[in-house]
Amino acid sequence: MMNEYIRKINYYETDKMGIVHHSNYVRIMEEARIDFLEKLGYSHEKLESEGFYSPVVAVSCKYKKPLNFPDEVRVITSVKSCNGVGFVFAYEIYKEDELMFCGTSEHCITSTDYRIVRIKNEFPQFYNALCENIK
Amino acid sequence: MMNEYIRKINYYETDKMGIVHHSNYVRIMEEARIDFLEKLGYSHEKLESEGFYSPVVAVSCKYKKPLNFPDEVRVITSVKSCNGVGFVFAYEIYKEDELMFCGTSEHCITSTDYRIVRIKNEFPQFYNALCENIK
Amino acid sequence: MMNEYIRKINYYETDKMGIVHHSNYVRIMEEARIDFLEKLGYSHEKLESEGFYSPVVAVSCKYKKPLNFPDEVRVITSVKSCNGVGFVFAYEIYKEDELMFCGTSEHCITSTDYRIVRIKNEFPQFYNALCENIK
Amino acid sequence: MMNEYIRKINYYETDKMGIVHHSNYVRIMEEARIDFLEKLGYSHEKLESEGFYSPVVAVSCKYKKPLNFPDEVRVITSVKSCNGVGFVFAYEIYKEDELMFCGTSEHCITSTDYRIVRIKNEFPQFYNALCENIK
């Protein structure tokens, strides 16, 4: 599954260079990831109700072309990899058909008391859902 | 007590008009209030350890002159009023000697399960500390 | 005209109290205002192309009930008043049918070199559009 | 040169997991970088007055341990590499003596009309200052 998430740039996300401040892409990635997981059947609430958190372990961002207000963007999210303890999402942000940004986020799964969990063993249906969707 | 809190403007707080985005003043007010309460002996942790939260009930902002990166500002915080259930802080932001902004925030006190508390009765030492510092 | 703007709360807008941080409502108000003005025919780009900015002069916020992730909210925006030099927008944020927040923002109009402009004289069609939509 | 930048965590930087939201580290990195460059003699204004911008081309973040309000952190910034067209900063965030986060940011230099500039040729004193400070 490659998920498409449509999103307008907000005025308050710009900076004095007249473009979207680079920190805000990490927030756009989070929105797109939450949308992806919801469509996969694993919303944030679903994960929490099963007793799991999925903290961000690492993030990478490549800024190719600046975005600006009032651009409308498409964020394409996909699972890049998944192993027994963690998984990686990849993001591409397009304005019309032009690739403006690409990034990744790496996650683990913890219990609600923040103990790292082997997702393959302790949450296999989520593990399988991710693996089946590796692009 | 009038508390002075010194603070640099951050680049990421600007917007494409080239000035500090108006939403960020609410955050600067929070920083200044936390600093004030800490100096008064009622840090956030102290309040929580006593079993209290102090949520924001209302906020007002008057933007007089724009701030910009890399301005350095002084925020003068004072208690404007305090009654049995709530209290109001006033804030003035100066750049050098010029008043750039003024604002207020109104607060109540709740227990950690969000029940509103009569601070005069249930947390009198905090109530007194506030009243003694009304400007 | 009363404009309805639908909006999901983002995870990154919450704070450690588990609710939407109070500064973010000012940003939601901005989104709703931009949406309102766009539908009125006066998008940000339209205003700029006519040679005008509309800076925020003042803001007020009343926090009635906390919002949380992943709430979906409706923001109702209306023109509250308009005179020769400025205008005021009013905002109500609803979760389902419950009023969670209300706020106002006050604006003036400047030329792109930040000189305050008498909108009734120098930008009458915008002035009229606002006046016709006072709620 | 390794620059040390001291910084308090702000309440509004936390999220509902009770920790600093991961997007905010990119902002802390920016603060630390601006502080570093200022001490190096190349403040943002100095760069601009020379006719240069230094946009962020890429960012990477590794979240090792969560930060929380009201932590005080030390950000250690250093130049990791520098070639004819770009340079990379490395950041480590410590709470007391524990490494909580490390990250990098990659930059190029452009003219104020956003044309990429060969910094070694067109801005050699800045290039040299960076190279001399590679850690």
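The letters A, B, C and D name the chains in turn, as written, and every chain counts its residues from 1.
Note that a contact is a pair of C-beta atoms (placed from the backbone, for glycine too) under 8 Å apart; a residue touches a chain by one contact, two chains touch by 3 or more.
Here the structure is a predicted model, which means the values were calculated and not measured.
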item	value
Chain whose mean Cα position lies farthest from chain A	B
Higher-contact pair (C-beta pairs counted), A-C versus A-D	A-D
Separation of mean Cα positions, chain D and chain A [Å, integer]	24
Centre-of-Cα separation between chain B and chain A, whole angstrom	34
Centre-of-Cα separation between chain C and chain A, whole angstrom	29
Interface hub residues of chain D, defined as touching at least two other chains	11-12, 23, 27, 30, 69
Contact set on chain B toward chain A in their complex	11-12, 14-16, 18-19, 21, 23, 68-69
Footprint of chain A on chain D - complex, ascending	17, 22-24, 26-27, 30, 53, 55-63, 66
Touching residues (chain side chain A, partner chain C) in the complex	10-12, 27, 30-31, 34, 43-45, 69-70
